[in-house]
Amino acid sequence: MLDTAKTSKVEFDYSGGERLTMNMGPQHPSAHGVFRAILTLEGETIVGVDAVIGYLHRCHEKLSETLTYAQYPSIASKTDYVAAMTSELAYVMAAEQIGKIEVPKRAQYLRVIMAELQRVASHLLWLGTWCMDMGGALGGGATVFLYCIRERELILDLFESLVGARLLYGFYQVGGTRYDIPDGWAQKCRETINLIDARIGEYESLLEDNPFFLARAQGVGVISRELAEDVGIAGPLLRGSGVNFDLRRAAPYSSYEDFTFNVPVETGGDCFARYRVRMVEFRESIAIVRQALDRLPDGAISSRPGLKSVAQIRIPKGEAYARVEGPRGEVGCYLIADGSAKPYRMKWRGASFSNLAVLPHIIPGHKIADVVAIMGSVDPVFGEVDR
Amino acid sequence: MPAWLSPLVAPFIVLNVVIGLVTYVTLLERKFAARMQSRIGPYRVGPHGLLQPIADALKLMMKEDIVPRTADRRVYNLAPIVFLVPCMLIFATIPFAPGLGVADLNIGILFFLAVSSMEIVGLFMAGWGSNNKYALLSAMRAVNQIISYDLPFIFAALVPVLLAGSLKLSEIAAAQQGLWFIFYPVIGQLAFIAFVVSTLAAENRVPFDILEAESELVAGFRVEYSGMKFALIQLGEYAHVIGSSFLGAVLFLGAWAGPGPEWLGPLWMLLKAMFLFLLITWVRWSFVRIRVDQILTLSWKVLLPFTLLLLVSTAFVVVWRAGV
Amino acid sequence: MSNPVLPSSPTAKRPHGPEGPAPLRSSPTRVVSPLSVIRAVTKALWVTFLNLFRKPVTVHYPDEERKYPDRYRGLLALVYEKDTGEEACIGCRLCEYVCPPAVIKVEMLKTEKRNYAKSFSLELYACEFCELCVQVCPTDAIVMMKSFDLATADRREMLLDKDRLHAIGLQHQQSWATGNLLRAMQGPPKMARAEEVHAKPAGSQA
Amino acid sequence: MTREQAKALIDERFSSAQVDGDAPTSAEATASRPIVVTLPVDQWTAFAQFAKTTLGCRFFSFSSAVDWKEQGLEVVARIDNLDDGVGVMMKARLGPGVSACPSLVPVFRGAEWMERECYDMFGIQFEGHPDLRRMLLSDDWQGHPLLKSYAVDTPHPPYR
């Protein structure tokens, strides 16, 4: 294995039949954040990968030991900043599981609506950046990227009118949610998701059986079912490799059992299978949001009084592992509480950390252009990888 | 006008017209692409961004010209010029109007094709000279791609030559008065598609632009260039694209034929070339780039046999038409 | 097989994981026949062509201002009380304790009638706009404005002191959220269970 | 393979393991709650192998550690049987002052990065790990941040 110290000074040696060590990242345009892959090349084919991460490490786990249960939810969204709504949910549910705090029905429905809207927004960003990586910033990829961003802005407008912020919300609170939907929001939300439903049809006709796209996506970056489970990848990657597992169906939380939706599974395991899984997930999430909006019950949005001071929420001694089905897979929060206002230990299971761990196993044998396509289809978010 | 001056006047005028055209074509492309992506494109510099190309040119001229310490100095400095000269030479034989043109050689199209494949030398010099891994990889890719696409480009360009029966571009244009070669029953359309596809590949436009594939090789062979050298390479690339679209206009769209009085010829010629250019831009902003090995397989296994077959069949058709 | 297996022959076989061929696919592989190529290419081109006639979505920022929703979390500011016109802040330091990045620093000034804030500093460059300070403020002193443009060339200008905060308060339009409204929206559970539907938004705060 | 069968198998095969210390809460919660197994350290890899083969827990969710100050470090790992929805939370106390633990990499390849992060944050030496170096922090970093002894950045006057 190449140890990082030695590879810092990297030169050519033209002794024929030699291997070129090339550095992809950390400022590489298609690195999806700050990630450095040291590729060993033979011509165009890659024979070895050493991934260097940790550029965005803020030690969320130490931070959570210094912040109270009231403060940390708005910081939890900084782990997976592309899907802030789902990452906060894991922390809040873990605390509620330990403290056995009951969440009112309306708050559960609000959480489902926001999580599914966030999944659509996050998948839109995935599709845009993936096509941009494969198509080039001055080419067809940028067209799909701008379409996706145009639609994602509509969802961010919804979140902005609900919470006031566009990316990191702090919408959750132990015991329920901090905000209720303003009047007229539900109607605007229905219009937005109808528009997005139509626009997704447009993207599919732009990409679906487009020979150039198929040539880049089919048969590239195949993850076998056994490797998928062994490394612990989750979400669309797992379902793309043939494992029928979705937390919303296997261990329903926050009243997901009230909604009917089907879980897409592809057995291909390659980039195209993951693409197909996510495109179906777009429509499933929109269906869930419609059902949740139609059956949104009235009542309180939090089972605890409004937050008045920093140490107001105290959780009794205990531990719990809460899991949420984020857009990138299982986001888990393993929380140990010692009865005070601050948790004793919090382990954050980021979905992208395990998803990224599969790269060194599947990249060898591909070309450089494939690395970009595989990275895009794995869709890592480096806030969640480096925590 | 003194005798020694007259041969210089026409090339001087054409050169300046081309440079002016190239700068404003970049603006046209950016505006057109922006509208396709539901945004606006350059808007701030001048009314509706009309002065943007001039601003870009001035900016590039003022930019500091950095030469990497480990670069192979002579090759690095010579590369942009060697790349630019062929791209400008291709305008020599293009007839803009019946009499208007720098040099109407009787081997017009042969000259065009020969010169346009010279640019690969400048490109590889740029890739090699800048002593940068990304540049070297992209230069190697460039050599593969352009060489493998020159042949289909030549065969597709030869189909109108067969139909018109002469290499002289003005005669080809004259032969199309009645019927533009693109409307020639079957052969015209197929040859036009082959021509467009191989033009896309010869100038590394998307979906074949693996040369400066930003997501993998950052900026390809131009990565170490800055300032005026970068502008020269950019100028050369766009000049090549416009040259090919002019050639396409002459070969397939009946150069200056068009309704209206005679003197409107050059305008029609310009409009047709711009239509072809927008077609290339339209394709550029709708497709994803494909991998190196797929490009090469497409060229050798699909495009080359197809254009060869097309050429032979046109020959038969011409002989059969002449015979009957 | 911990680190990646380096394929023996340089010309690596068809690129799929070192685990051997992938299982069969459920969605049929899209075979690329000439006809499907033409159809797909025209369909893709049609989409971009269609978009040529849609209105661009760009907002010309400095000239046109985007319409902000009324719960917008913008700049922080201190306000004066409606009736007496005094400063609303009583220096109780609740916001200082609740602020996750600890950017607020308050010192209390005790007087007999009521307390004031002697000094109030807020480091805007480290603030995360999470609105917890607005939520815990008992006297609705600190609120958020509907604007974000406080770009400065010098970081030290972002260290806002009390009168700068008051100035911002007068300059921009205040967004909807204040401490009492937020706490009322979250609704005390007892109230919700006693009555059946909506908790009264008025100051029913116990 | 329901939850009860798995618990029975564990009791019978690993007598020294303590299963499910805390009392079960509402029925619905137990269904998705994992089986918590506290093991002695030397059976760590053996139990993982047993869980993967007989219990069918092939999905490796995560592995981490907890610093209990004087009682020493504790290693935690979570593996799941996706088809039957059974989750197993493995725990092992390393004892005060001990910071060595057998590695799970021979059983689960996903453990490679997780254990490198554990070493980076807690300083636990995993025997049998192919390439144990720091995962998130730079190679020349001193100390292991997540230990309780590692000083936290105490609240401070506006230093910026």
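Order of writing sets the labels: A, B, C and D. Residues in every chain begin at 1.
Keep in mind that, in the parts below, a residue touches a chain if its C-beta (ideal position, glycine included) is under 8 Å from a C-beta of that chain, and two chains touch if they have at least 3 such contacts.
If you're wondering where the values come from, they're calculated on a predicted model, not measured in any experiment.
Of all chains displayed, A has the C-alpha centre closest to the centre of the whole protein C-alpha set. Here the two chains linked by the largest count of contacting C-beta pairs are A-C. The distance from the centre of subunit A to the centre of subunit D, each centre being the mean of the chain's C-alpha atoms, comes to 24 Å. Centre-to-centre spacing of subunit A and subunit C amounts to 18 Å, using the average Cα coordinate of each chain.
Subunit B and subunit D, compared by their mean Cα positions, are separated by 62 Å. We define each chain's centre as the mean of its Cα atoms; on that basis subunit C and subunit D are separated by 35 Å.
Counting only residues that touch two or more partner chains, subunit C has 3, 44, 47-48, 51, 57. For subunit B, residues that reach two or more other chains under the stated contact definition are 36-39, 285-287.
Of all residues in subunit D, those that touch two or more other chains are 109, 112, 130-131. For subunit A in complex with subunit B, the residues that touch the partner chain are 12, 20, 22, 28-30, 44, 131-143, 146-147, 150, 206-207, 210, 212-213, 215-216, 367-372. Only residues 44-45, 47-49, 51-52, 54-58, 60 of subunit C touch subunit B when the two sit together in their complex. Only residues 1, 3-5, 53-54, 57, 59, 61-62, 65-66, 97, 100, 226-227, 229-232, 243, 245, 250-251, 318, 321, 330, 332, 334, 336, 345, 347, 349, 353-354, 357, 361, 386-387 of subunit A touch subunit D when the two sit together in their complex. Within the complex formed with subunit A, the residues of subunit D that make contact are 22, 25, 29, 32, 34, 58-62, 64, 66-67, 76, 78, 82, 85, 89, 108-110, 112-114, 121, 130-131, 133-139, 145-146, 150, 152.
Residues 36-39, 133, 137, 206-207, 209-210, 213-218, 284-294 of subunit B are the ones that touch subunit A when the two sit in their complex.
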